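When the chains are written out, they are named A, B, C and D in that same order, and each has its own residue count from 1.
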Amino acid sequence: MTAITVQILKADLDADHHLARFRSSNKNAGAIVSFLGQVRSENSHVRALHLQHYPEFTEKRIYAIADDIVARFEVDSLLIIHRIGRIEPAAPIVLAAAAAAHRRAAFECVDCVMDYLKSEAPFWKQEDSSNGQRWVYPTSGDSADLQRWGENCTKETA
Amino acid sequence: MTAITVQILKADLDADHHLARFRSSNKNAGAIVSFLGQVRSENSHVRALHLQHYPEFTEKRIYAIADDIVARFEVDSLLIIHRIGRIEPAAPIVLAAAAAAHRRAAFECVDCVMDYLKSEAPFWKQEDSSNGQRWVYPTSGDSADLQRWGENCTKETA
Amino acid sequence: MSQTRLLFFGNLQDIAGHSERIVELPADVHNGADLIKWISGDNAPLRSALSAPEVKLAVDHAITDKESELSSPEEIAFLPPFSGG
Amino acid sequence: MSQTRLLFFGNLQDIAGHSERIVELPADVHNGADLIKWISGDNAPLRSALSAPEVKLAVDHAITDKESELSSPEEIAFLPPFSGG
């Protein structure tokens, strides 16, 4: 039985705190892999992102994605935290972490979670820059990433 | 230019502290991936591991591995910390983290680092259990993992 | 008649001019395509945006085909392509 | 004659009975294979362990073939298969 935690956060995402907590509740795991996504700040004209979600539905969809994914990898625990609201450059947007007995399962699980979150989780992103506000659309790279995984979240051997 | 940090630690590896520091010096990175390896504790007969290294040579070899790997992935920063000495169940043995603009590079870099550390870094592991002490040998899985990566640390499409 | 809450996300709320609207569905709105025609009225950009194949319909939290019959839904959301993470 | 430090790691130090030993290499020790024969003496298990193809030789920190000529090395290490991480 895999422990799944999903959180949608309006407030700042304190990645250090959440990772430390995840680690301390997974001391018996041989491997812990984490991914932290932050607002890139190399484009200095971006003042902030605004992340919108569909309350309840977004949570449900992420749980469904997580359920699907943990059924395919031998992981003990999966944590997914996603920001909504206004997020400034360099601040965290998303944290995903998996604890497993073996490192391959932990890596593939988090990698797969991120590909699915990017393409299948109901969030909409608006960029607030010196040129005004614009809605960000998913890139073709995101759906290409998703296609790395087969129906069962197993890696496609192309 | 990628910042590479390699540390061989005799004392406890405070993963939370090192990860927090790595994150705070990589706030501009879009993606941070970390791997933490801990002594598994499901085999209750293991009392501790003893990790031996070859002073200076081991550090040199890990730097050489890291140099090779960062040349192949678009990463800003790479951190590798490896314990030596006596390590008890549930304690961290190894921490690897990469910061990059994009998540694919960060994932593949850390994944590749771990495969290389397992097979190419000069450490020797002794298991101290209720049955006495025994040297641990690498498994065939470890060299199979390494073979996932081509000469240039790029993923082999098998 | 029962009321239905319509939700617009992402750029669709800019085009619709609101993010939420409560309506009573007329009897001749049988499916998503009918609904789009009815709520767009003579707002051609809205009709075109909502009709785009990449815009999904969530009817009471279930992703639903625009041709599937609607049976007294409480909430219908128009979802443009997702861009989280 | 110059001195050479020999280092044994992992299980090799159990078989050799020590982890380190300072020697003066005799003139007829030209390469790693000669060295193994000389330091093993009549310790057959040690000779067999050191000669195993998976045991590597690091001569002054460079991984070296057992057939390569040794030129006044300061340090020679015998490395069994690595098992870190």
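Structure notes:
Definition applied: a residue touches a chain if its C-beta (ideal position, glycine included) is under 8 Å from a C-beta of that chain, and two chains touch if they have at least 3 such contacts.
Worth saying up front: this structure is predicted, and the values here are computed from it rather than measured.
For the pair chain A and chain D, chains touching both partners: B.
Centre-to-centre, using mean CA coordinates, chain A is 27 Å away from chain C. Centroids built from CA atoms put chain B at 23 Å from chain A.
Look at where the CA atoms of chain C average out and do the same for chain D: the two points lie 76 Å apart.
Distance from the chain B centre to the chain C centre is 50 Å, each centre being the mean of its Cα atoms.
Annotation for chain A: residues 37, 114 touch two or more other chains.
Of all residues in chain C, none touches two or more other chains. Every pair of chains meeting the contact definition is listed here: A-B, A-C, B-D. For chain D in complex with chain B, the residues that touch the partner chain are 7, 9-11, 14, 58, 61, 77, 79-85.
Residue ranges of chain A in contact with chain B, taken from their complex: 15-16, 19-20, 23, 27-42, 89-90, 101, 103-104, 106-107, 110-111, 114, 145, 157-158.
Residues of chain B that touch chain D in their complex: 37, 51-54, 56-57, 60, 82, 93-94, 114, 117-126, 135-138.
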